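Paired with subunit B in one complex and with subunit C in the other, subunit A is shared by the two complexes that follow.
And then the complex of A and B:
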């Protein structure tokens, strides 16, 4: 099973990427959306490559639920060294992935401090999931919400093609 | 040793086709294209079948058969000198092609066409060829200069494929 060498390295790099993108954009409130999009697109391309590597030796997926379970267990473990804590679905194309201790938020705060900055730290991962799903043949929209860090929820809306 | 190797995107257009000799490329495009129907059939059959059908290797796509004659080739025959006509007939009658398929979890398909007269090629050799293809394809996917969906232009991929093809005489 493919495992990240040392997750701290990725966390530091991830944080610096976010700082860099925000610093190199012009000042202005509207820039926030553009930066989030850039981060999400980065995650998307990385997700595409990662999923190709991770699924190289796995059996073929039976259905959409099988794919989502793979994301929650193997994919999350390979990238974040833990599984998604809770997966819920309405069986109509909406999945909610709950991570009670999201690795990229644990260094930020243990409550509500810095909550307004949390979306920046979730954008890349949203893209990661969207990119991974895209290469598995699943078109989706992935958003994230946080109320108390480091817990967060990723919502995956499957798009019928 | 293959006579043709193809990589096809999940939207069913070719990302990469190599054949030997190079003049036969068009007919291999046809061969690979018709194989896609069989691939689709096999994948959709998996959905209803048991768990042990879930490996990525699909195996033989068609039983070994005589090479198919395509109408466009017959039309060309009438307008060419007689020697080329005989060459084509020879091609049609003597060369049998066996195709093997493999579909990744990312719905990318690999097709390997071998000369059926090559009976020394065993199943596990074909599997290892697909394994190499899949590994190289994964490397291409992870290359930041590659945009998913573009044709594959990686030299490393080219040389891996060359090593698996019959040598052009």
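And then the complex of A and C:
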């Protein structure tokens, strides 16, 4: 099947976490921002945990680009069973990771009216990437945007420490 | 890194968040059960699509399917089915290992927390969608110092299928 059972289970959990974070909140921009932050922070802790379990042997990267390639290939494959489709960088600390069929968006309907909800489904993953990078010694800010479902772009801005 | 860890870690982050949001363990347990229920009512469709398991003839068959097919499929473990009540309406699932609790330790001030309570809700919600009302609870928990983790399931009643008037 296109989506393996264990992946489906995670997706159900992810959706339910989003519902939970949002259900007790009020509407409005400030509250939405708080919810996004909560989701992102949860993802951050999970991302850290995932990398923590990764053996040190294999975690030898020669430079920042190497780290980002690891995120695009190994990390993305572990979490989403596919690689990032396209990686771009300005070689000055900004990377754009494009996933043409982001697994956590495929359950959302493609209509334009659902686009406003897409950020809720990206926040956790932004945190995941930021957390993973953090445990690889890279400090970053990660944002995401959707233009056409289910494709999305994650932007990673490396922070000099 | 494995995908199973993603679920386990996410679940841990959820429990941590709930413990922040709610004042006592009972509230957290309730919330986990509710969330599990919401997942269960959707998971059942996913399960039926994947497993091509037919309608179970009785509660014993249900127990076997839950342990040998569903748990295996979603969590990669096969609990054993034991401790049947004489009436055949209650049984235990014994989990030698619980994937949800890898690397988890309960802090001292959460002695009433049923960490994996989501599972109870999932089972309850899933079975409700196939017209079975059940009670599910943890009777033993390795996180609380027990040797094994035991989930007790009790059949309450068969539910009527809600068919719109005029359908077969």
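Everything below uses one rule, namely that the second predicted complex is superposed on the first by the 145 of 161 C-alpha atoms of A that agree within 3 Å, B and C clash if a C-alpha of one lies under 4 Å from a C-alpha of the other, contacts with A are read in each partner's own complex, and residues count from 1 in each chain.
As a working rule, a residue touches a chain if its C-beta (ideal position, glycine included) is under 8 Å from a C-beta of that chain, and two chains touch if they have at least 3 such contacts.
The shown structure was predicted, so the numbers you read here are calculated from the model rather than taken from an experiment.
Residue contacts after overlaying the shared chain place A:53 against subunit B and subunit C alike.
By the document's definition of touching, of the two partners only subunit C reaches A:6; subunit B does not. By the touch criterion defined above, A:25 reaches neither subunit B nor subunit C.
Judged by the touch definition given at the top, the superposed model places A:107 against neither subunit B nor subunit C.
Looking at the shared chain after the overlay, A:143 reaches neither subunit B nor subunit C.
Residue contacts after overlaying the shared chain place A:62 against subunit B, while subunit C stays out of touching range. In the overlay built on the shared chain, the residue A:135 is in contact with subunit B alone; subunit C does not reach it. With both structures placed on the common chain, the touch criterion links A:83 to neither subunit B nor subunit C. For subunit A, the partner with contacts to more residues, out of subunit B and subunit C, is C. Residues 45, 49, 51, 53 of subunit A are contacted both by subunit B in one complex and by subunit C in the other. Only residues 1-7, 9-14, 16-17, 31, 35, 38-39, 42-43, 46, 49-50, 73-76 of subunit C touch subunit A when the two sit together in their complex. Residue ranges of subunit A in contact with subunit B, taken from their complex: 45, 48-49, 51-53, 55-56, 58-63, 135-137. On the side of subunit A, the complex with subunit C involves touching residues 1, 4-10, 12-14, 16-17, 19-21, 38, 42-43, 45-46, 49-51, 53-54, 74-75, 78-79, 81, 124.
Every residue of subunit B that touches subunit A in the complex is listed here, in rising order: 10, 43, 46-47, 51, 54-56, 103-107, 134-135, 137-138, 141-142, 144, 148.
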